[in-house]
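Lettered A, B, C, D and E in written order, each chain numbered from 1.
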Amino acid sequence: GGGTPSSGDSAGGSEPVKVKLQLQWVAQAQFAGYYAAVDQGYYKDEGLDVQIVEGGPDIVPQDVLSAGDVDYAISWVPKVLGSIEQGAKITDVAQIFERSATTQISFKDKSIADPAQLAGKKVGSWGYGNEWELFAGMQKAGVQLSDIKLIQQAFDMNGFLSGDIDAAQAMTYNEYAQVLETKNPKTGQLYQPSDLNVIDWNKVGTAMLQDAIWANSDRLASDPAYADETTKFIKASIKGWVYARDNPDQAAKIVTAAGSQLGQSHQLWMTNEVNKLIWPSGHGIGMIDDASWKRTVDIALGTKNETGATIISKAPPETAKTNEYVEKALSELKADGVDVDGKGFKPITVQLQEGGN
Amino acid sequence: MNETSAGVAGDVRAVRVQGAGKVFGSGPTALTALSAIDLEVGQGEFVSLIGPSGCGKSTLLRLIADLDQPSSGSVQVFDKPAGQARRDQDYGIAFQQAGLLPWRTVAANIALPLELHRIGKAERATRVAELLELIGLVEFAGSYPDQLSGGMQQRVAIARALVERPRLLLMDEPFGALDEMTRERMQNELVRICSETGAAVVFVTHSIPEAVFLSDRVVVMSPRPGRIVGVVPVELGQGDRHDALREEDSFFAAVAAVREALHGVEAPASQGSARGVDSR
Amino acid sequence: MNETSAGVAGDVRAVRVQGAGKVFGSGPTALTALSAIDLEVGQGEFVSLIGPSGCGKSTLLRLIADLDQPSSGSVQVFDKPAGQARRDQDYGIAFQQAGLLPWRTVAANIALPLELHRIGKAERATRVAELLELIGLVEFAGSYPDQLSGGMQQRVAIARALVERPRLLLMDEPFGALDEMTRERMQNELVRICSETGAAVVFVTHSIPEAVFLSDRVVVMSPRPGRIVGVVPVELGQGDRHDALREEDSFFAAVAAVREALHGVEAPASQGSARGVDSR
Amino acid sequence: MTDVPAGGLRTDATTTIPSRVLAGGSAVRSVVAPIVLGAIVIVAWQALVVGLQIEPFVLPSPSAIGHQFVANLDNVLAGAARTGLNALIGLVVGAVLGVLGAVLANIASVLDGMAAPLVAALSVMPIVALAPVLYTMYGADVEAARQIVAGLAVLIPVYLNTLRGLRQVKPVHRDLMRAYAASAGQQQWAVTLPTAAPYVFTGLRIGASLAVISALVAEYFGGPVTGLGKSITSAAASSNYPLAWAYVLGAILLGLVFYGATLGLERWVTRHRSS
Amino acid sequence: MRRLRSIGLGLAGLLLAAAVWELYKTFGPENGVVVAGRTILPRTSDRAMPHVWEMAGRLFEPAVGHSGPPLWQNVLEAGLFSLRIAAVGWVIGVVVGLALAVVMSGLKIAEAAVLPWVILSQTVPLIAIAPLVRRWGSALSTDGFEWESWYSVAVIAGYLAFFPVAVGMLRGLRSPDATHVDLMRTYGAGWWRTLRALRLPASVPYLLPALRLAAAAAVIGVVVAEVSIGLRGGIGRMIIEYAQAAGGDPAKPWAPIFGAVVLGLIAAGFVTLLGLPLRRYRRSEVTA
């Protein structure tokens, strides 16, 4: 079971330590690095036997982690900040994604090129804590929540495609592609990026930190074996992400083999887009950038949702983040000659097929 | 089998059943419920049908009411085909269960046939009031059936059967569910009502004393296939029956006669003696 | 009210009810169902309870069977408290409906009490076979209740009541649902069975002729609060009743006596005359 | 005349249990007993959470839930109003269609036979699974899909129960109608529909809480951000479990209101029926 | 004969439904029938209403890509996966429901206290329960025993399934005539013997429909719980996954819906089979 077996014979290294990683969604290339690390044996090399636990709409990874059911979890920083204020004792130990993948897309004819133009429109969001960048961007542009009609997006993009939603939330790696995999009935061809306006929160300045590796704060403090294991886990995970960067085709296939039902072109697209969120990395993959963290916290403190609530009401505790483990991991990796910055990263070009096939 | 009642020839009969038969189902499972029934009921006459369970009493009554069609022979009511008589509402009917609609008050239950036949509200009200008087349930007009005793319910059903002043009353064991005491009281009331309204009655019963007490003639039927095997004319204080009759010798004699006819029926061997009842 | 049967003093009584009363509910809605009941039934004696609906006949029977407890007074069965007698299986009981378990065959229904009392399989089989013989349903042993006519079901219920050879039989209108003809046949069989087994019987009925035909004594009860208002001893060809009795004058006389006792009951004014019945 | 009245009453009171549970009967016991049990459970729950210092994401304490419920009463009520309206529309439309369908199926057995596979399919399928396609069919920006999900959830029990009820017309009543030469329409209103009424209500009662649950779960698959379902999930997503359960409490109360209302209506309409 | 007729009618009904679908799709307005701002009838675009033959035909194409097993095979596998969990949930529900019913039927006070809460339990939205169950389940895990995600799904299925059983069986256990109960008393039979000899057999006619309802409820519970906690392998997860393709492949999301229907029908059919050996307990007593 999660939590208990981490201590003990990690020093001996003969018996791999069982480790559980909780994802925040089902298997898909968003998590390519971890699947690659399993597949390529990077965890095993570190003496870890990693079991990846898929998420679902109602699974809150940070709570699964603080309940002790798993050893690490992947989640977005703003979602976790709320949980920490509610009492979850967990720590961001590696900020894998440096950039936000969340965008608000709309068909050109709706003329929604910037957040101010969202006013009076039907605006989509998934909720589940995925909405804060949107709200922050609107707030920044002076658009109140009462100025828009907020619609919860389903698992599909049909609401957007049918015109029920003027501006839909879309992850660059997922929903944006779903639209581009759909035939435009007017042209008989797939939709083109030129058909869409994209509001990118990175550009607007309300981007918040997304996928990070979270660990249990109490155990980090009290259990040296776990702390040690955390470094190893981060190290192997980073190797996985490096693999995904250098072998996107392979990484996509690994994820598909792990049971993802996404089509091949879609999976590859996702791998490529996720790579763009990491690489090139400013301070080395996994390092928490102070400016980005501060921005995320500030937005979390100042942005109101439809019930008037903010994510958090006071600054998060010191234990919410640390670069201690990732720094150790990075220095070991650098010593091994691994390129952890990806300065020369060049994304590939992915040709999307209808239905993502 | 043979219809011996006299004094009704020539004029209009309330009921005239001629050579009627009824077969249920078809093929190998066909069941002959009635066979070659001849029966006439004069206007104002009270005729009881009695016979062992399953002999076809109810079936015969249902043929008269046009609730079923005969497989052979004919059924006429007031010299019209039974169906016509039904549509003309020439008869009133009461079943073994009161069959009241539980969601209607006593008054609304009695008014039901009038409503269905689009009788105006005012007329309905007067007529219902009359009948409530007749059955002695005036103060229960607004009650619902489940607030009445079984006997009271039965009286309401009888009122419902009478509300359109039918010249013919068809009653299928209307008192079957009542205890003996209530039953005797209801019998007395039925006698009174009939003599007041002058309606003809075809009355199905299992009870020999009841048949004898009420009837001008008791028609005895045989088990399947149902046939008429005897007709016992009853001559008790004609038209003016009262409770004391029940302890008179002539009453017991008639009871004994019907019982004999019936028992003869039960053992087919003694059918001859059953016939003998006719000649009493 | 007064218990006048003679010849049973001193020895063990099948039933001895002393000053029993039964009140249902409490407070303002309390209902006195029975009041000051004294009743003794000798061994092998056949006693009928008769009275208007709701007078407490069933309640009295249920007190004897220990299905209800008296609010006052005592009930003894074979000189034991009723509850003890129930646990000792001193009586057999039959209700108005046959109350057979529909998922058990006729044989299994009869065997039910034996099974519940852990009688061995072999003994069960012989005993059931005897009873099937007795009720004349040997070839229906494997049939289910819904394959039997009402009369046959009733006979099975009686067999079930007899299967443990009780010295006392309690029967609550067991023939109520039967048509008159079947009913008379069942009465004849009950008479035969009782004389063969020598059991005492307490028999509830609504039918005066039935009570008279079957009983050594007919106990007449008054409406609420239920009291015993008369006991009519019946002296028909003692212990050797047969169908022909039903048409004898003494039969009709007893019927008339019971009717009078009952009707006196119905009109409280004439209660005095009802008492008179006792002295007949 | 029969010797069952005492027992008869007893069996009757219990064969209709679900309809008689929340009111009437032996009033004291049926009101006090569940409240006492509820109180015991809540006190034990509170003691457990406080005593063992259980984290709210494992089990929020009743007091925390109650606190959030009061603090967010406006939001709970607003959400309940929206979800409740969807459920109500679904309930009414589903009930009307269910009854009409059953009446038609009862008159024409051909229709009954033809509807059979569809009814069988709908009665075993998770209606909420239809929500995604319904949003596409009716639009993700309106409440229609939620109302239809609720309506479908109500339709089936109402249809099946009504159909059963329509077939309960007593032969004696049918004969009576024929004896009065009543027209088909007269038969329907005078006998058939009133006979079926208690069965319609059984269906409605089952449908009432289903309507609320279904409308709520449908929110989960998208649509305007308005109702309780959305509030539950978003509170839970931010680990605010006491708040999430405050909304759940709202949903439970809404379900009880629906159940109680149909039960009350049933009692009122069928107040004169006895066994 | 009768069977043939009902099969024929059923087929005719399905054909008619398909025909209505296609006719409406052909002649209905693109944006649906809107009355007073309310959409009464659906949109007719290919995305909203794929052709019947496309939904059917899609089942015979590969799930993803251009090679691989046909979609129906995936649906079938997912269906069997969900069915197994539903079966476990059904058993849990039946056991719990029976136990509750027996307790409630034995103790009036238990019925009065518990039954309202049983009804209330069904007004709690599953989506709120699913994560809790998963969490509590994990809390039970020890070194020797691992709480797997599918256990949570089964428990949730049981949560829905126990309700019809508890209510139906309570009715059933209370269904014996008063006469029968009295009879058992006259035999001095205690609570347990009365239960075995009378109440249980008498409850069979109530039990079977309750079991069927429980089967349907278990299937519903499994599907919703799979969606909620994202358990891989079953119909529920398939609904989420296939939705992602809904834009470009509108017939695909219908596949798990058909799967759910088949699943429910199989479950209900299975319960019907269970009822066959119990047939004799369904004879109702015919009184005279």
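Definition applied: a residue touches a chain if its C-beta (ideal position, glycine included) is under 8 Å from a C-beta of that chain, and two chains touch if they have at least 3 such contacts.
Here the structure is a predicted model, which means the values were calculated and not measured.
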item: Shared interface partners, meaning chains that touch subunit B and subunit E; value: C, D
item: Leading chain pair when contacts are tallied as C-beta pairs; value: D-E
item: Rounded Å distance, subunit B centre to subunit D centre (Cα mean); value: 48
item: Averaged-CA centre spacing for the pair subunit C and subunit B, given as whole angstrom; value: 33
item: Gap in Å, rounded to a whole number, between the CA centres of subunit B and subunit A; value: 87
item: In subunit B, residues with contacts to at least two other chains; value: 179
item: Numbers and ranges of subunit E residues touching at least 2 other chains; value: 43, 47-48, 127, 131, 135, 139, 177, 179, 182, 239, 243, 246, 250, 253
item: Per-residue multi-chain contacts in subunit A, two or more chains; value: 57-58, 60, 63, 67, 154-156, 158, 162
item: Residues on subunit B engaged by subunit C in the complex (per definition of touch); value: 52-53, 179-182, 206-208, 246-247, 252, 256, 259, 262, 266
item: Subunit D-facing residues of subunit E, complex; value: 5-6, 9-14, 16-17, 32, 38-39, 42-43, 47-49, 108-109, 111-117, 119-120, 122-128, 131-132, 135-136, 139, 167, 170-171, 174-179, 181-182, 215-216, 219-220, 223-224, 235-236, 239, 243, 246, 250, 253-254, 256-257, 260-261, 263-265, 267-268
item: Residues of subunit A touching subunit E in the complex; value: 1-2, 4-5, 25-27, 53-60, 63-64, 67-69, 154-158, 161-162, 174, 178-179, 181-183, 185, 259, 261-264, 266, 354-357
item: Subunit A contact footprint on subunit E (complex, rising order); value: 43, 45-48, 63-66, 127, 130-131, 134-135, 138-139, 141-143, 146-147, 149, 227-232, 237-250, 252-253
item: Residue ranges of subunit D in contact with subunit A within the complex; value: 55-58, 72, 75, 131-132, 135-136, 139-142, 219-225, 230-231, 233-234, 236-241
